[in-house]
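Here it is, the structure in full.
Going in written order, the chains are labelled A, B, C, D, E and F, and every chain counts its residues from 1.
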Amino acid sequence: MSQIWVINPNTTESMTAGIGRCAQAVAGPGVDVVAVTSEHGPPSIESHYDEAMSVPGLLEAIRRGEQAGVDGYVIACFGDPGLDAAREVAAGPVIGIAEAAMHTASHLGRGFSVVTTLSRTMGRAADLAERYGMQRFCLGIHACDIPVLDLETDPTARKVITEACRDALESDGSDAIVLGCAGMAEMCAAITAELGVPVVDGVSAATLTVQALVRMGLRTGKRGEFATPPAKQYTARRDG
Amino acid sequence: MSQIWVINPNTTESMTAGIGRCAQAVAGPGVDVVAVTSEHGPPSIESHYDEAMSVPGLLEAIRRGEQAGVDGYVIACFGDPGLDAAREVAAGPVIGIAEAAMHTASHLGRGFSVVTTLSRTMGRAADLAERYGMQRFCLGIHACDIPVLDLETDPTARKVITEACRDALESDGSDAIVLGCAGMAEMCAAITAELGVPVVDGVSAATLTVQALVRMGLRTGKRGEFATPPAKQYTARRDG
Amino acid sequence: MSQIWVINPNTTESMTAGIGRCAQAVAGPGVDVVAVTSEHGPPSIESHYDEAMSVPGLLEAIRRGEQAGVDGYVIACFGDPGLDAAREVAAGPVIGIAEAAMHTASHLGRGFSVVTTLSRTMGRAADLAERYGMQRFCLGIHACDIPVLDLETDPTARKVITEACRDALESDGSDAIVLGCAGMAEMCAAITAELGVPVVDGVSAATLTVQALVRMGLRTGKRGEFATPPAKQYTARRDG
Amino acid sequence: MSQIWVINPNTTESMTAGIGRCAQAVAGPGVDVVAVTSEHGPPSIESHYDEAMSVPGLLEAIRRGEQAGVDGYVIACFGDPGLDAAREVAAGPVIGIAEAAMHTASHLGRGFSVVTTLSRTMGRAADLAERYGMQRFCLGIHACDIPVLDLETDPTARKVITEACRDALESDGSDAIVLGCAGMAEMCAAITAELGVPVVDGVSAATLTVQALVRMGLRTGKRGEFATPPAKQYTARRDG
Amino acid sequence: MSQIWVINPNTTESMTAGIGRCAQAVAGPGVDVVAVTSEHGPPSIESHYDEAMSVPGLLEAIRRGEQAGVDGYVIACFGDPGLDAAREVAAGPVIGIAEAAMHTASHLGRGFSVVTTLSRTMGRAADLAERYGMQRFCLGIHACDIPVLDLETDPTARKVITEACRDALESDGSDAIVLGCAGMAEMCAAITAELGVPVVDGVSAATLTVQALVRMGLRTGKRGEFATPPAKQYTARRDG
Amino acid sequence: MSQIWVINPNTTESMTAGIGRCAQAVAGPGVDVVAVTSEHGPPSIESHYDEAMSVPGLLEAIRRGEQAGVDGYVIACFGDPGLDAAREVAAGPVIGIAEAAMHTASHLGRGFSVVTTLSRTMGRAADLAERYGMQRFCLGIHACDIPVLDLETDPTARKVITEACRDALESDGSDAIVLGCAGMAEMCAAITAELGVPVVDGVSAATLTVQALVRMGLRTGKRGEFATPPAKQYTARRDG
C-alpha cells in the first residue's frame, strides 16, 4: 500500500475536499490518497504574493509527510508553488498540477489552451509552460475572471468557464483544454461532455503521475541540486 | 477491464517478449497489457531507413487493434516511429517510449542523460527531445555502440551500458538516466541498483502513461490535425 | 550530363507530369531532369498517415535511381516525406520541396507566408519550418481547404489560392509567398502576376538547389548519422 | 532626497553590513541607501528551500519600507528571491542583484561567466538567466564550493574565487565575470585588479539600476499582473 | 568629473539639441554630458541604408571622443547603429538607446510595447530585441508612421504617438511603453502623464546606464572580439 | 544573358580575382559573372570596425550595378556586411556568402562546423548563423588564426586550415565544413580531397543561389521593410 498526499497549499478546507474527491476517484487500488490542507497561508492563491506566502505552509506539510513515510506528493495549485523546494525536502516524487496537466495535454495533439481564473495569474501559467518545456504545446492562456473561491459558490461559474474554453479552442486552434485551477477539478467531466474535446484536470493528472512514479520506484535525483538541504538555525518570526 | 497494446515495431519476437514482461510488471489491476509484434518490416530499428520502413507494419497493427477495441497503444521503439500517423488512426491515446521516458525523467530533477545503442541514432533522439519540449531537460545523448539485437545476447552489454550511464552522469551533471532502447527495458532495475540514481525505462513509463490517460478518459483530440484520415484507394506494392 | 530525379511520392501520374514540366523549365543545360511517380502508396498526401504510407514507395524509387546512377533527387511533396531515410539511401543530395521553398523565400525579405491545401496539413508545415531553422522567417501558415487532387480539376482553385495568398500577405505582413503543395507548382507564374510579390514554388526551388549541389560536387555527409544503412533481412508483407 | 532599501533576505547582520558598504559606495548624492536585514528566515540562502523560506521575511521588510515611503528596493541575494511578489507589494521599482548583474554584464561584450558559491545553486542562476533573457550572454555558470557564510571568514576565499573566475574566462571564452553571491561584493575590486577583465558585483549594479529608475520616475507597471494584491485574511502560523 | 558623449548619428542639429536636453536632465552631479552631432551621413535614419551610411560618421565621432578622453558613449538612434564597431573603438562603455530602453523596460513588468516611427523600421527593432535577449519582454512593435524629422514640426505628432501607445498597451497587454526614436525623447513626460503607465525614453535610460557603468569602473571587455581593431591602411573615397 | 556581380567588399584586387575564378567556375552558361572590387574601405575585413567601414563602398558598388542593369549580387565576405541595406538598394536578389554557405551545408546532414580566420570574427559568424536560422545546424565555429591577407601568401595556410577542419569535425561530430572566409574559396577542392567530407565554399554557393533566384524570377520583396529607401540629402564627408 503506497500513500500519496495531495496538498492544497491554500487554507480553504472545502476546496481540499473537492480536490481529494477528484484525486481519489482516479487512484488505483493499493494507493492511499490523502488530501491535506496547508495549516497557514492564504485562503486562495491569486497573486505572486499569495503564492510566495503559501510556500512555507506547503513545505511544513511535506515535512510532516516525510515523518509519516509518505511515498509521493501532489501540489494542488495551478501555480505549482514551492515545487523546487518541495523536491529538496521530500524523498519521493513531487508533482505540480500545472506540470502534470500540461504534460498530459501534450500527449493529445499539437497543442492545448489553458483556461484559468483571474487575468493576473496568466503570467505565472506562461512561466510554468516555459519551465516544463510545454511552451510549444501551450497555444494560449485565457482567464475567465472568476475568483478562486467563487468557483464553488457562483452558480454561473461552470457556464462561464465552458464558454471561455469554447472561445479558446476556436481562437487557438487547439486540440485540448487544460483547466487552470485546482478549484475547477470537479467540473472537468461536465465541461468535457459539453465541449466534446479532451479536457485535462491537473489534480487527476498529477495524482496518476505520482502513482506511476511510485510504481516504477522513481524519485527525485538527489546527487546535486535537489539533495536534502542541510539543516540550519533559522530565525523564527517574532509574532507568528 | 481496459486493454493496452504495446507494439514492438520491429519483427523480433524475443524482443517483444521482454517488452511485454516490463509492461505487464507495472500495469495496474484491471488493465490487460498485450505485447504485439509488427508483422512486417525490419528485425531491428537502427537507422532512419529502418524506422521509415517499420511504420506501415506498426500502423497495420494499430488498425487491427482498433477492430479489437483496444483502449490505448504504446509504440515500443525509442525512435517513436509513426507516432503522428498512429494518433490519426487510433481512437484512444498513443504514446511513444521516448516520449514517455523523457517526460517522466523531466519530473525527477533539472535534467537527464539519454544512453542509446548506436551513435547513428543519436540524432533521432535529439529530434524527439525537441519535439516533446524536452530539449531543456536533455543534457546529453550518448551511445554505447551495441547493436539492438546484441542487447539480448552480448554478455557484456549490461556492463557496457552501465559504464556509459556513469560517464554520462558525470559529463552532463544530470540527475537521471533515460535508457534509449526498448531492448534495454529489462536491465533497468539492475542499472538502477548499480548507479543509485533514477533510471527511466520508456516501456514502463509509456505503459503507465497510457494507463493513466485511459483512466482519465483522455484520448487524442480529433477536431483537426489528428482526425481519422479519410479513406483512399491506395496503390498496393506489386510484389510485396 | 548530370541526372536529377524529381520523385512524386504519390501515385497520381498527372500530378507527376505537371511537376516534371516545372522542374524541367528551370533546369540548366547539361542537366537531365526526370519526373518519377512512386509505384505504390496513396494517390495524394493529406495526412500523417498518407505521408507515412508514401515513404516505402519513395525509398524504392530512390533505390532504383541509385542503380541508374542518378546524381540527385527532389522529393516533390510539401511534407518532405522520408527525407532523412532518403539521405541515408542516396549517394547524392536529396532535397524536399518544402525545404527548398522555405530556404529560398528566406532570402527575399524578413519573412514569408505558406499557403497550403487542407488545414490538417498545417501542423506538418510548421514542423518542417522548425526543422529547417525557417521558423523565424515563416510568419504564418494558411490553408485554402482544396484537396490536393482537386487542384487540377477545380476551375476556381487558382482564384481561391490567390485570395488566400493575398489575405496571408496582409495578416502576416510578409514579403513573399511559399506555395505549400507540389500540385500548385504550375500556378506560380499566374499567382505572381496577380499579387506582384515574390511567390516561391518548391519544385523549381528544389530542382535548382539539387542542380547547384551537384554542380559543386556536394552530397550528404556519410561519416555518421547518414551513412548507408547496413543491409538487413526484412520481413515482407504477406499479402502486399 | 530619494531613499533606496537594499534588503539582505538572509538574517546575517554582518553580511548586510558589507552589502550596505558596497551599495553606499556607488550611490550618487541625493540618494539615501539603507541596508536592511530580514527579520526572520535562514542565515544564508543555499538551496531552493532556504530561498523559499526567506521570501516572507523579505516581503515583510518591503511592507515596512512602503510604510516608510521608500522609493525603490534591491533584493541582495543572487537567487533574486521573491522578486515577482515584491513587485506586486512595492509601489516603486524592485531589482534583484542577479538581474542587475547579468543585464550589466551583457553591455560589456558577447558574454559573461557567473562564479557562484555552492554547486547546488547553479541551477537557480541558470533559471534566472533564462527569465531575464540573459541566457544568450551567460556562457557558463561555475561554483567555487565555498559556503556563503565562509566568504567572510575563510582566508583563502578570495583566492579560490579568483582562480575559479580565471578558469571560467578560459573555458567559456567570456568577456566579463559576474560574481554570483552578495557575499562576494566587497571582493569585486580586488578580483578585478587581479584578472584585468570587467567583474560585475550585483549589489552595486542593482543599486545603480534602482537609482536610475527612480531618477526617471519609472516604477513597476500596475495595470495587470503586478497590481497590488488584494487584501485577504491569511491564516497565521500557530506557533511561528 | 566624468564625461559622457551622447552622439546623434544623424546630421540634424536640432534633434541633437533635444537629445542633449533629455540626457542632461537625468545625469547626476559630477557627470558632464555632451550632445554631439555626426559630421556626415543622413539627416535622419529611416532605413537599413540610412543606418549603414550613418556608421562611419558615428565612428569618427567616437575616435574624436577617444582623443578627448571621453569616459563613455550613448548612440542616440533607436537602431543602435554601429554598436559593435563602436565597442571595439572606444575604451569606455558604449550603449545604444534601444538597448538601454529595452533593458530598462524589462525591469518594470512582464513586457513592453515599442512604438516607433515608420513601419519599415519595425524589423530592425525586432532584430535588436533578439540581440539583447529582450524578445521575451517585447510583446509588440508598432509604428505611428510619422517620419523622424516631422516629430519636431508636426503639431499632431504627440497625439498620434500617444494614441499608438494606447492601442499597443491594449493589443499587447503590456506593462510599459518603449519610445522607439530619439526624436520622441522630449515627449516622454507628457505621454506618461496621459497614459498613466511607465514610458521609457532610451536617451535617458542609456545616459544613466553609461553613467552607472562609469561609476562602477566597468568597460567593454577587451580580451577577444572587442579588442581595439588593428590599424590598417584604408582606401579613401576619391571624391567624398 | 543575365549578369551577376560578385562584390568583394574589401579593396584587395588579388582577392577579388580569386573570388571571381571560383564564381565563374560554377556559373552556368548564359550567366555572366563579374567580380567587382569595392572602391574604398579596408584592405581586409577582420573586425566589426572593418566591416562597418566596408559597407559604404559596397553599397556604392551596388548602386553602380543598378545603373548597369545587374540582375543579382553576391556579397563576398563571410561577415555578409551591409546585406539588409543592399537588399533595399538592389532591385534583384542579394546573397551573402555566409548566408549561402550555411544554407547549403544545412542540406548535407545534421550539422556543420565553420572554420574561419581570426578568433575575433567568430562572434560575427555566430550572429549570422542565428539570423539565418542556421544556429541549429552550426555545431561549432573555429578559428585558424591566419589573417585574411596571409591566406594568399602563407605557404602553410592550407595545411593549417585543413587541420583546423579535421579537429572541428572531430570535436563537433559534424557532417560538413563551411569555409569561413572568401579568401579560402580556392582551397575548397584541395581540402575536400584531403578530408573526404563535404566542404562548402560560400562564393560558389552564393553565386549558384543568386543564379537560381534569377532563373526563377525571384527578387527581394519590396512592399515593406526592403522597399527602395527614399532619396535624402546626405551630408558628405568634408575631406573624405
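In the analysis below, a contact is a pair of C-beta atoms (placed from the backbone, for glycine too) under 8 Å apart; a residue touches a chain by one contact, two chains touch by 3 or more.
Here the structure is a predicted model, which is why all the values come from computation and not from measurement.
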Which listed pair, E-F, A-B or D-E, duplicates the contacts of A-D in over half of its pairs: E-F
Whole-Å gap between the CA centroids of chain C and chain F: 28
Separation of chain A from chain E, taking each centre as the mean of its C-alpha atoms, in whole Å: 44
For chain F, residues contacting two or more additional chains: 87, 110, 123, 224-226
Successive chains around the closed ring, taking chain E as origin and chain F next: E, F, C, B, A, D
Residues of chain F that touch chain E when the two form their complex: 11, 39-44, 46-53, 55-57, 59, 82, 84-85, 87-89, 119-120, 122-123, 127, 130-131, 224-227, 229-230, 232-240
Of chain C, residues touching chain F in the complex: 26, 28-30, 87, 93, 95, 99, 103-104, 106-110, 132-137, 169, 173-176, 192, 197-198, 200-201, 204-205, 208-209, 211-213, 215-221, 223-226
